[in-house]
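Letters A, B, C and D mark the chains as written, and numbering starts fresh at 1 in each.
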Amino acid sequence: MTTFLHKYKTARHFIYELLHTPEIESKLERYVRLLIMFLIIASIISVILETVEEIEASFSAFLYFFEVVTVIIFSIEYILRVWSIVDDPLYSQPVIGRIKYIFSFMALVDFFAVFPFYLPSIISVDLRFLRGLRLFRLFRIFKMGRYSASLNMISRVVSSKKHDIAVTLVVLSIVLIIASSLMYFIEHDAQPNAFPSIPATLWWGIATLTTVGYGDVYPITAAGKICASLIAILGIGLFALPSGILVTGFIDEMHSQKSKQTCPHCGKEIE
Amino acid sequence: MTTFLHKYKTARHFIYELLHTPEIESKLERYVRLLIMFLIIASIISVILETVEEIEASFSAFLYFFEVVTVIIFSIEYILRVWSIVDDPLYSQPVIGRIKYIFSFMALVDFFAVFPFYLPSIISVDLRFLRGLRLFRLFRIFKMGRYSASLNMISRVVSSKKHDIAVTLVVLSIVLIIASSLMYFIEHDAQPNAFPSIPATLWWGIATLTTVGYGDVYPITAAGKICASLIAILGIGLFALPSGILVTGFIDEMHSQKSKQTCPHCGKEIE
Amino acid sequence: MTTFLHKYKTARHFIYELLHTPEIESKLERYVRLLIMFLIIASIISVILETVEEIEASFSAFLYFFEVVTVIIFSIEYILRVWSIVDDPLYSQPVIGRIKYIFSFMALVDFFAVFPFYLPSIISVDLRFLRGLRLFRLFRIFKMGRYSASLNMISRVVSSKKHDIAVTLVVLSIVLIIASSLMYFIEHDAQPNAFPSIPATLWWGIATLTTVGYGDVYPITAAGKICASLIAILGIGLFALPSGILVTGFIDEMHSQKSKQTCPHCGKEIE
Amino acid sequence: MTTFLHKYKTARHFIYELLHTPEIESKLERYVRLLIMFLIIASIISVILETVEEIEASFSAFLYFFEVVTVIIFSIEYILRVWSIVDDPLYSQPVIGRIKYIFSFMALVDFFAVFPFYLPSIISVDLRFLRGLRLFRLFRIFKMGRYSASLNMISRVVSSKKHDIAVTLVVLSIVLIIASSLMYFIEHDAQPNAFPSIPATLWWGIATLTTVGYGDVYPITAAGKICASLIAILGIGLFALPSGILVTGFIDEMHSQKSKQTCPHCGKEIE
């Protein structure tokens, strides 16, 4: 017990290490995190299953009980998080630091994930859909070791290429609008119900360019089929371009991580 | 005001900077460009919405009013562009430079985007479809800072690989024609309506190779399904090849931007 | 014959070389391996064909005969494998080595691929589905020369990127659940049969994100179509991300095979 | 005329240069090649159009006339090719060289593309389908300058990765058979018509793994939908793997082309 206190100076610091830091240093820490992660996933599944009529009819009592349990645990976790955050150098001032933390994105998500439960049921507005915010809590999964590094790396790559991706999306939109307008003029007379207007034809255009092809709308005239074929082939390019762009980003990232390499024999930096 | 005139020597030069250069140097410039971009997008949306019967029925007066406003603004913009272009060193001669500019691609697009509006309605030919040219005006969006660089880079990459892409397309066409001819011979007797001729079967072939798969035509015989399976698997390669080709192009581009490489023997710059 | 014995010291060593080593050194070895590979493929095809009613009705006697033959050959092969494994330095102890081998994954697969056949037919549990395990025996195909190197390389690359792939899958799941929940709220009232609950909508979400698009479920309201369009476009990114991640893995692998790099300062080898 | 003869020593050498070499050195050469290419494409289109009943009914006389003209030109071209081939150092012996050439792949294609036409119509076997071989003549398009280099490069890359691609295809097959067998056991009872046997379920498996998704067969049970979802997500990997493999091939190719670089200042080789 002494060693324990020795390691984590105070109880608050212990809670801080338990809930906030990305590193997992003890078995207890691992179990607490896995439990919270499990409860988040279970509560999301329960919200999803509630929409299935048969399940809602048979298990509503159990689902409500589970909801109460998770909300209580999440509430305690939220309070402990706010209390212990001052051990983080970024939020070190007892009052201002905590207020700053409360209005951070992840803390707001934590708050609105439990808040609707406490509202008196008299309030006519149904805020239960806010429970959907629990989904964002899943991002906590990335606060663990290697996954955290992976997510950072991927988002750094995507964000470094955001201008190229935006240009691709604009070119895609232009191609889409041109193709759909053309298709509307070609197919409107043959299938006035399937292609009633340009906005409706855009739906066909997206399904074709992205190669989803539900099959609810498709051309039947020869000219329409030729036009659709060209769009579908362009769709291939639409997949190749973002691949090419992201690959360059990943390679850039790979080089910038390597280039700070040092020789293990003499300790000097290479390249 | 003096500083203002000081900076842009003449009013014409001020208009030139406002409408023609890719760099955005003042707040006014930013607002004017965003306004024009907003009007282009809004006028495209209005042309698209006009094809929806219910909207045309209820809002035709508003749509017409909006059309008049945008056409007037676009016309003024067009006149100012032609007037101020002589500040560009490429078009510096007052008469010849302006004529040269008028017949450039983007200026023709600007012209035909407003021109049909001024034709007396007596003219029987409906040239309103020329308004579709406004879509091309969207490319102006790329005349702004970083996006301009991105578009240039992407089109440089695609164009550097145009021979490889052409070869891929020819190989694709050959595979497509062979597969469709084979499929016609296999399925024609079982489904004379779905596979009536080779050209009609090409439609099936494209939908399968590009993995769109609308589901309006598909084989029902065992031989036909085996043949279709092979085509669908080849379709995977069809996506992998252009990816590979474009990736090489992007990497080439990346290297040529980074490495003003120097020769290790004499220390001079290469390429 | 003397040279023969000279080369493979003992008969057991000869069997070991024949069945266990990846290198193919003699014509006999090649033929034995091709025969076993052929029998594995043929027995899988026969298990598959048994499920076709017409074939089962007409050829059941032949299929049973073929089953008996392959099971006998596979049993002999299994016994010889267990007997000869002690020539492998990893399993050199006669008893413990063989037991260790018997409980290795591939040996268990070999065992359960023939075992159900020997069970007296009185046993009510039908264990014939275990024959499906023969599929895993196909991996033996990779125990031959170059293919072995290819499979190793590919699995090394995939496994080196497993954290990045896991993160992509989690992000995909979050996008999927958010999209499906949204879609459920949008389309539930318009199509209560197609979108009866969130779990049922997840099926639509997967078909759209992966661009399969069977066409059994699709949105019909305008809001639903806009939402589906965004998901379909996100689906493109879903294909580009794993491509980018795997490409980096392949490039890494390529470099690490090529460059036993040396430090330019001290001349010693790195990594 | 003297210069002309001077350049091409003999008439045979002139024909050789005209028909066989990849380089296009004169305007005449360009026109002859473009004419032949045009005739090949036109004759393929006419063979395809013949299968359309309405066209066959109205234009059969014209199509037959066109067929006669192209067959005559192709026959003359074939004879000239065989005659002039001896100017190629590889086929220099007058008799043996020509026989060797006649049995080369491209010459056989040329032969069977015209041969059926000369058969007396009494022969009951309809060999007209051999005209489909004309498709392969399209590969001649690649015998021109830059396209030739592109095709060579692409086929070198694909062939350098053939072991990796084969392994991917085998892994794909194993995944496909496992998924289809599982799906058969899950869905057979619910949809005995859609999933009657494992071979029939393989058709569903391919349509899902390749993301074609015609929509003729899809699971309706919850377990079937979960299984199909996993397959569809694996399908993404199926696209990412070949992309990754081919990209490495293209990069390898790029490096091996560059690595013979010399410094333009001192003339020494770099890297």
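Just so we're on the same page, a residue touches a chain if its C-beta (ideal position, glycine included) is under 8 Å from a C-beta of that chain, and two chains touch if they have at least 3 such contacts.
In this text the structure is predicted, and so the values were computed from the model without any measurement.
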item: Interface sides of subunit A and subunit B: same vs different residues, half threshold; value: different
item: Between A-C and A-D, the pair joined by more C-beta contacts; value: A-C
item: Candidate from A-D, C-D or B-C with the same interface as B-D, over half of contact pairs in common; value: C-D
item: Whole-Å separation of chain centres (CA-atom averages), subunit A against subunit C; value: 30
item: Inter-centroid spacing, subunit D versus subunit A (mean Cα positions, whole Å); value: 44
item: Multi-partner residues of subunit B (each touching 2 or more other chains); value: 199, 202, 207, 211-215, 239, 243, 245, 247, 251
item: Subunit B-touching residues of subunit C, taken from the complex the two chains share; value: 211, 213-215, 243, 247
item: Parts of subunit C lying in touch with subunit A, wherever the complex brings them together; value: 163-164, 166-168, 170-171, 173-174, 177-178, 181, 184-185, 196-200, 202, 207-208, 211-215, 218, 222, 225, 228-229, 232-233, 235-237, 239-241, 243-245, 247-248, 251-252, 263-266, 268, 270
item: Subunit D-facing residues of subunit C, complex; value: 44, 48-49, 51-53, 129, 132, 135-136, 138-139, 141-142, 146-147, 149-151, 153-154, 157, 169, 172, 199, 202-203, 206-207, 210-216, 238-239, 242-243, 245-247, 249-251, 253-254
